[in-house]
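Both complexes below contain chain A, partnered by chain B and then by chain C.
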Partner chain A sequence: MSYGRYKKYHPLLYRPRHPILWWIKKWAYTRFILREMTSLAVMFYAIVLVLYVNAVAKGPEAFAAFSEWLASPLSITLHSVAFCFAVFHSYTWFNLAPKAMVIRVGKKKIPGSAIMAANYAMWAAVSVALYWVFTTI
Partner chain B sequence: MTETDINTTIEEVATIELEVFRYRPEKASAPSFDTFTVPLHDEWVLLDALNHIKDEIDGSLSYRWSCRMGVCGSCGMMANGEAVLTCAAFLKDYAPGPIRIEPLANFPVARDLIVGMDDFMEKLNRVKPWVINENGKSVEEGEYLQTPEELDDYVQYTMCINCMLCYSACPIYGMEPSFIGPAALALAQRYNLDLRDHGNEERMDILSSDEGIWQCTFVGECSEVCPKHVDPAGAIQRYKVEATNNWWKSKLMPWSN
Partner chain C sequence: MDKRSNEPFWWALFGAGGVVAALTVPVLLLLTGIAFPLGWLPAPTHDSLYALFSHLLVRLAILVIVSLSAFHWAHRFRFTLYDGLQIKHLNAPVAFICYGSAIAFTVFAAVSLYTF
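Presenting the complex of A and B:
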């Protein structure tokens, strides 16, 4: 028995191509891609920070110009978008933290919810500290 | 029961449609879908429907199954794009249908719903999923004792039934077939975390290679589809943390090895 390339008792495997748009087929995959892509927002913040330090180093005039740019509508729009993305990014990673961190104290395993809570608490603490630094100094 | 009662009972048997993936390389080089109508009984799972098709409608339908109770791990297929054990997925949950049954994604198809497993078998072997202990105790010396906590560290990874649903849910494996994959990595962790085992270093080479844990981008769907709650995604992330710690340790404290 044969058809085309098929010969009896010799399996002819069918290998479908992995679709390029695999990540829109399922919400879980889309969420994963969003989580990965929102890291660009984190990169955006890193670049802004570098430019900020650069402006400070150059002197008062450069710093004033940079502050002006920060207050521009374009910058505010970019920052609002980046902020939402960064929050989504942090939120998804903090929720995944217990998977990678299995901590034991004595005989007891620390529950995942406690590890998640600790991450959020640290996030809040660092945010408050930074807010204090930028508003009082 | 009167004759009319019997007739109404027969008419009332609900049915559901299955669109089944067919690949018969001796007849056509491309796969196609056949539609079958099967009775929709509350207690029927997808596997019952497939068995009904094979027994009553089309005996040429090919698929794997054995225990029909979630232990053998051979009846995994895609139902409406979701990797499931067909013995554990009830027909009524898909009502009113139709249900699209396809072979496990990311694997080459040999015939109808049967996929080639060679790649998985080879990878499973590569992670050495057995206790490595060269200086093992003799029988006279007695058994190895483990506390419940020590057992608890790895027992969930022992639940794996090699059903390969996790490979079907893993887009990384779909795109990078060289990736060792969720189940094999979880099973490697099963032995790494077992105190009787001393094969950690032997497995390290393969696990932390390009084909191992670092291919994983933590999509996490492997753990979602796992019928035994093995959590391969968790196993891989834990191993990443361990491998990173070891790397830092070897750089910062080279004398510790």
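Presenting the complex of A and C:
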């Protein structure tokens, strides 16, 4: 690609840099960054879940040790923060779903509110099912 | 040479992971990370969890949850780094590190769960 004859400044290539915390001044931007940050909570729990299963696999002592770590103030703090982010992820994900996925039946468009309601119903059903599994085994 | 973008592939994994994480992570995290350790609910014993995880299908479900969650993280975090830190010019290394971590984690999880 050619940008013409040599000159000191290239207005076409000029990209002003914004401060790193550009998103802090406006709630909509902060909310966007917080939403994107929910992925860290999701990753955190994916790691914890594998370690949890590993501890169970290793035997009662390893599981007792891991359970002790889970009850530590550090772990409770991490999990509490991660829980808030995880719920925020679910909330924003389900609310965006109708925009990402337009379903038509014949010529009729299924209203977004119906898709959202179906998502929330599914979330409730999965939560109850997993709660049931872990409290009845 | 095929110049088609591979973005849709990563986006599909991101989307699938987003759905799976939205449905399962809050309740699982609340149970194993908060309610059981704090004694809000009676924690399951080692024996009962061992019996639960002994089912291959249960471990397969866990693998699907953690792996898709990792790819969800990789894709989203990649763009958070671009936008947040304005490092779009580091496209290739950032993508490599993010997706590479998700692939490495998936291998780790698969081996762990397979050799349960």
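To be clear about the criterion, the second predicted complex is superposed on the first by the 115 of 137 C-alpha atoms of A that agree within 3 Å, B and C clash if a C-alpha of one lies under 4 Å from a C-alpha of the other, contacts with A are read in each partner's own complex, and residues count from 1 in each chain.
In the analysis below, a contact is a pair of C-beta atoms (placed from the backbone, for glycine too) under 8 Å apart; a residue touches a chain by one contact, two chains touch by 3 or more.
Quick caveat, the model's predicted, so the values are computed rather than measured.
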In the superposed arrangement, does A:Ala71 touch chain B (first), chain C (second), both or neither? second
Now for A:His79: first (chain B), second (chain C), both, or neither, which partner does it touch? second
For A:Leu12, decide between first (touching chain B), second (touching chain C), both and neither. first
Mind working out whether A:Trp23 is in touch with chain B, chain C, both or neither, as first, second, both or neither? both
Let me test your reading of the model: by the given contact rule, A:Asn95 touches which partner, first (chain B), second (chain C), both or neither? neither
Specify the partner with more touching residues on chain A, choosing between chain B and chain C. C
Once the shared chain is lined up, is A:Glu36 touching chain B (first), chain C (second), both, or neither of them? both
Chain B/chain C common contact set on chain A: 18, 23, 36, 100
Residues of chain A touching chain C in their complex? 17-18, 20, 23, 33, 36-43, 45-50, 52-54, 56-57, 59-60, 63-64, 67, 70-71, 75-76, 78-80, 82-83, 86-87, 89-90, 93-94, 100, 122-123, 126-127, 130-131, 133-135, 137
In the complex, the residues of chain A that touch chain B are 1-6, 8, 11-16, 18, 22-23, 25-26, 28-29, 32, 36, 96, 99-102, 104, 107, 109
So, in the complex, the side of chain C touching chain A is made of residues 15, 17-19, 21-34, 36-38, 41-44, 46, 48-53, 59, 62, 65-67, 69-70, 72-73, 76-77, 79-80, 83-86, 105, 108-109, 112-113, 115-116
Touch list for chain B against partner chain A, complex: 23, 25-29, 31, 81, 106, 108-111, 116, 149, 152, 171, 174-175, 217-221, 223-224, 231, 233-234, 237-238, 240-241
